[in-house]
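Each structure below is given as structure tokens.
Two complexes, one shared chain (chain A), two partners (chain B, chain C).
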Partner chain A sequence: MRVGILRSPSPLPGFGLSFGIMTAILSIVVLLPIGALLGRGLMIGPADLWDMLNSRRIWSALTLSFSAALIASLFNLVFGLMLAWVLVRYRFWGRRFIDAAVDLPFALPTAVAGIALTALYAPNGVFGQALAPFGLQVAYTEVGIWVALVFIGLPFVVRTVQPVIEELERDLEEVSATLGARRAYTLRRVILPTLTPALLTGFALALARSVGEYGSVIFIAGNIPNITEIAPLLIVIRLEEYNYDAAAAIGIAMLVISFAMLLVINAIQTWSRRRIGLA
Partner chain B sequence: MYRSIRISGPRLAKSIFFRSLGERGNKIDAGHTRPWGHLITVAWPNADGSYHHALRTVLSAGHLHARLLAATGALGLTFAGTVPVAAQEGVEILNVSYDPTREFYREYNELFNAWWTAQGNAPVTIQQSHGGAGAQARAVIDGLEATVVTLALSADIDQIAERTGRIPADWQSRLPQNSAPYTSTIVFLVRQGNPRGIEDWDDLVAEGVQVITPNPKTSGGARWNFLAAWAYAERSGLDPAGFVGAMYRNVPVLDTGARGSTTTFTQRGIGDVLLAWENEAFLALAELGEDAFDIVVPSVSILAEPPVTLVDGNITSDAQRTAAEAYLQHLYSPEAQALALSHYYRAWDTSLAAPDDVARFPDLELVTIADFGGWAVVQPEYFGEGGIFDQIYEE
Partner chain C sequence: MPDITLSRPVPVTTEAPLIRGLLIGVALIFVALFLFAPLVTVFVEALRQGWVAALDALRLPDALAAIRMTLTIAAIAVPINAAFGIAAAWAITKFDFPSKAFLITLIDLPFSVSPVVAGLMLVLLFGANSTLGGWLIANDMPIVFAFPGILLATLFVTFPFVARELIPVMIEQGRAEEEAALTLGASGWRIFFTVTLPNIRWALLYGVLLCNARAMGEFGAVAVVSGKIRGETATMPTMVEMFYNEYLSVAAFTLAAVLAMLALLTLLLKSLLEWRHADLLAATRRH
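On to the complex of A and B.
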């Protein structure tokens, strides 16, 4: 905070008050729980933490959680962009309905989503039956986890990219065309660079949400250790064993990996902003 | 007057006095430690013994004094008088139980209250909480003020006794039959006509057979399944660890609770055989039609004893203690035993039961948890971290 802001007259005074409330709420709601988790980790000590984490089952679960979240978020990145583009640029019957439907994954309890997806994709479900002749099984496999994570992550990409597409100046595309650029070239050199920061934000949000997702995945994953057991389930299992330290250890591992991933995404974002001259 | 206040899900606050302050809202003077959160329901018995649930509002966080906001008044709740009413009208019991007992306790609570009021007592407010046995035990350890616990295995109650001291260590000898008023066992549920020809435990390790059972880490019932398979292998001279390991390699879905597994098998069509509580298997037949599934009784199984006990540390008055003790003891009465039998539990006293309810149970050889050395030995050795179950998945 620059001191100058405090001194300069503002039509809306109240920096002190709003800053105080912000700090208090942030501490209570966000920093304290995370601090408590890290504090628990400090009490355990790094050597013991490593011992608790260093097993094949935990690494399998962490790998699965993060790789499935990454795959689902990459899918959402492409599909979400397409959906947002169609919603903004074209007028068609039912557009408003689809626009509203995008938010449903936010509103629906995740358990409901998980049960509904499982019922559809189980071998006796509507989609499951259709896929079975091709030897494809979705429910109770890793693919099922992807499907659930795509579902819960989609609105994050769409809702962050949509307003930026609305702000895009069509003139630029026209200028690009009159200067002789082909469509793909315009898309690559004119449109995508402007959208990249928003796309990355949406991607990061979807990723962060998917990594920790428990409610919907638990129903559609087979929960078989080493194969379809996600890290959040392993935390619940450790709690059932009254082994709070081991549960905290997995929680800390997830926190650290998530933090590192978000840091990388932020770095790419800053780099891409500079490249297009926004910062 | 006692009022029970359900706060953020399963937590319960007990109010000693309920006082209307007119426009300033209502005031609850509460007892000792106080959980925090949103007030959702107040329940109290009507004259006819049924329960009235109403009042949805927000309880401001408080330590000793919790205040009901003026919203109470807006909901049109009027309480007679403005003076505190003494705690005479009724006693309340919170029964914290596991998953498959929902239907049984719903009916038992009515049966108990009818008997209790016939004895000249005021009706008792009974609240039920159901969930996976392990999660329920943890909720009680973390402060859920259960009056009585009726869980899937004694290991869960042992954990409460050990970690909170609210239950004496010798709790299991306080009531007859190891404090298990009803028992069950583990049987197989297979698809109509038994297409895979599953007759006994050794058919479960055959190549390509899919077995559905929940995760023993999160489900009490699954631990009984595991031990029953183990007992079979021991009796047949097989290597138990290898046998049980082979069985779990045939499990395509490990649900977190017994009801989840039943759903996976019956609704999702996954698997050839479901390892199920006997009462769940009969319930599945009754609910989903006898022409969809068959019950297969293995040559040997385990006597599952879901125990009940009083949580002494959560008792707040003598009246409550008397009612709660009667609530548990009445489970052994011929009427309650007949009710348990009609809910497909094996009960001890068949004098009042319908002959059909007794005749349906097949005779089979049952090992007991004592044969394994008791839950205190079994829990860490088989299901603890790094225990035998974990080793199956370590390879």
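On to the complex of A and C.
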């Protein structure tokens, strides 16, 4: 932001109206609901919240949601970077088509993705049958959850890294080459550090999305308590039992863990930006 | 004089052809397996018993009601979020006030909240067991398990789309043009419609497009607040789930195929915008 311009008071009209509309809608749609959840947590009290969360089924669900999201996002970190690199740097037939297709998981409703993946990977599905001879079962296991979360998270990494690759200065790579660095060394020591902040942002976005993902996962997961039952599903189950306090407890736990995770990623990001002199 | 022959320059800023080919190959296989295969499956499963069966499934009263519900929700939610996005972008980029960064964080917040938790929040706020919810139900204005709840859930999950597209574009464009219009005596609305709106229209359309896609496709948040009452509060995505769970595979996948076609249309329009008007979209979208 250009601070110099922002300091002079704006002569433009409409501040009251636009600020009013913004705060009104923000309050009704976002702040009030979040307040309701946190308020419920306060009413229950920390000790009772902890008691409610302290069950094997809830711990399994929370661990599964976060570990599967972590695994899928790490996978997307690698393949998303590769895809972004290929799309920006190489020219091949169908490149624009692939580029547009990367956003499919953004556009396709999660329930549609969920039933499609299940149909593919179920024991009688095309991929399910192909994998069965190797003893691999994807649908109704944790692997199925990973597959769904990879689908959901992929565009986040690609779309965050892609513009940064586009703006990389080729001069730096040439300098590195003239100084005698081999290509692999240049990639590792010149290019990768420049991409790290964007990679982390993409990773964080994919992670935040996959942790809370529900629609694409519940069809393929099998939903066996303690084994393939994700935390959002457990919230839905508690709500269907009208056990609002228990549902709120799991919801608060998810918010707190997500928030802590994003803080850590933010800290790593600041550190990596500073390392390449962007801070 | 020694004969100077210039050999073909060896490219130093790309990988060896073999590695390039390998990477392209792996990328194509990855996209085919993870993105295209599920998409194709939707249409294959929908047409498993032929066109007639698929079209019959779309004529089921529950399917029709769900389609109507989804279209109505999107028709209301998208304009509200567009209005919010424009108001927020105008306030944030044209004026100075403290804690702007915090405000932007609040606007982005819905993207890091699980849709199910979003639904849970609305149930806690407006459900029968809360004071507010009890009062609303007593006065015949139920929100949860009714239309307003679905609308609020949709608004929550699509909340940041328009604002986060407009804010960077309007920061980049600055205030000079609007200030010039002001010195020429234009009113606030005139400035907005003749100066600002033409500058941001493609970015606005882009945000609206993404907002609409998510509004029509939202599942988790809507599933929680709607109660999934068929014919009444079921939307297309929740109806897909109900058909699927009742082993009405063709009906589920046909409705899913309609949603998939909407998604493809969204991608097509989005790509057109990116190719034609890249310079007028937020910087991160330029590729």
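One rule holds for everything that comes next: the second predicted complex is superposed on the first by the 249 of 279 C-alpha atoms of A that agree within 3 Å, B and C clash if a C-alpha of one lies under 4 Å from a C-alpha of the other, contacts with A are read in each partner's own complex, and residues count from 1 in each chain.
Everything below uses one rule, namely that contacts are C-beta pairs under 8 Å (C-beta built on N, C-alpha and C of every residue); 3 or more make two chains touch, one makes a residue touch a chain.
Since this is a predicted model, take the numbers as computed values, not measurements.
**Q** On the A-aligned overlay, A:A122 touches which partner chain: chain B = first, chain C = second, or both, or neither?
**A** first
**Q** In the superposed arrangement, does A:M82 touch chain B (first), chain C (second), both or neither?
**A** second
**Q** Counting only touches as set out at the top, which of chain B and chain C does A:P225 meet: first, second, both, neither?
**A** In the superposition, A:P225 touches chain B alone.
**Q** After the superposition on A, what does A:R189 contact: first (chain B), second (chain C), both or neither?
**A** Neither partner.
**Q** Quick one: is A:S55 in contact with chain B, with chain C, with both, or with neither? Answer first, second, both or neither.
**A** Only chain B; A:S55 stays clear of chain C.
**Q** Does the superposition put A:A139 against chain B (first), chain C (second), both, or neither?
**A** After superposition on chain A, A:A139 lies in contact with chain B alone.
**Q** Applying the touch criterion given at the start, work out whether A:L239 contacts chain B, chain C, both or neither, answering first, second, both or neither.
**A** In the superposition, A:L239 touches chain B and chain C alike.
**Q** Return the chain, chain B or chain C, that is in touch with more residues of chain A.
**A** C
**Q** Output the chain A positions appearing in both contact lists, the one against chain B and the one against chain C.
**A** Common to the two interfaces on chain A: residues 119, 125, 219, 233, 236, 239, 242.
**Q** Under the definition above, what is the set of chain A residues touching chain C in their complex?
**A** Touching chain C: residues 1-2, 5-7, 9-15, 17-22, 25-26, 28-34, 36-37, 40, 79, 82-83, 85-90, 92, 94, 96, 98-113, 115-117, 119-120, 125-127, 147, 150-151, 154, 159-160, 162-163, 166, 170, 173-174, 177-178, 183, 205, 208-209, 211-215, 219, 232-233, 235-236, 239, 242, 244, 247-248, 251, 254-255, 258, 262 of chain A.
**Q** If we count contacts the way the header does, which residues on chain A are in touch with chain B in the complex?
**A** Going by the criterion above, the answer is residues 55-57, 118-119, 122-125, 139-140, 218-219, 222-226, 229, 233, 236-243, 246.
**Q** Once bound in the complex, which stretches of chain C touch chain A?
**A** Within the complex, chain C contacts chain A at residues 12-16, 20, 23-24, 26-28, 30-31, 34-39, 41-42, 45, 80, 83-84, 86-88, 90-92, 94-97, 106-107, 109-118, 120-125, 127, 129-130, 152, 155-156, 159, 171, 174-175, 178-179, 182, 187-188, 191-192, 210, 213, 216-220, 223-224, 236-238, 240-241, 244, 252-253, 256, 259-260, 263-264, 266-268, 270-271, 283-284, 286-287.
**Q** Sort out for me which residues of chain B touch chain A in the complex.
**A** The touching residues are 134-135, 138, 141, 159, 163, 215, 217-218, 251-256, 260, 267-270, 383-385, 390, 393-394.
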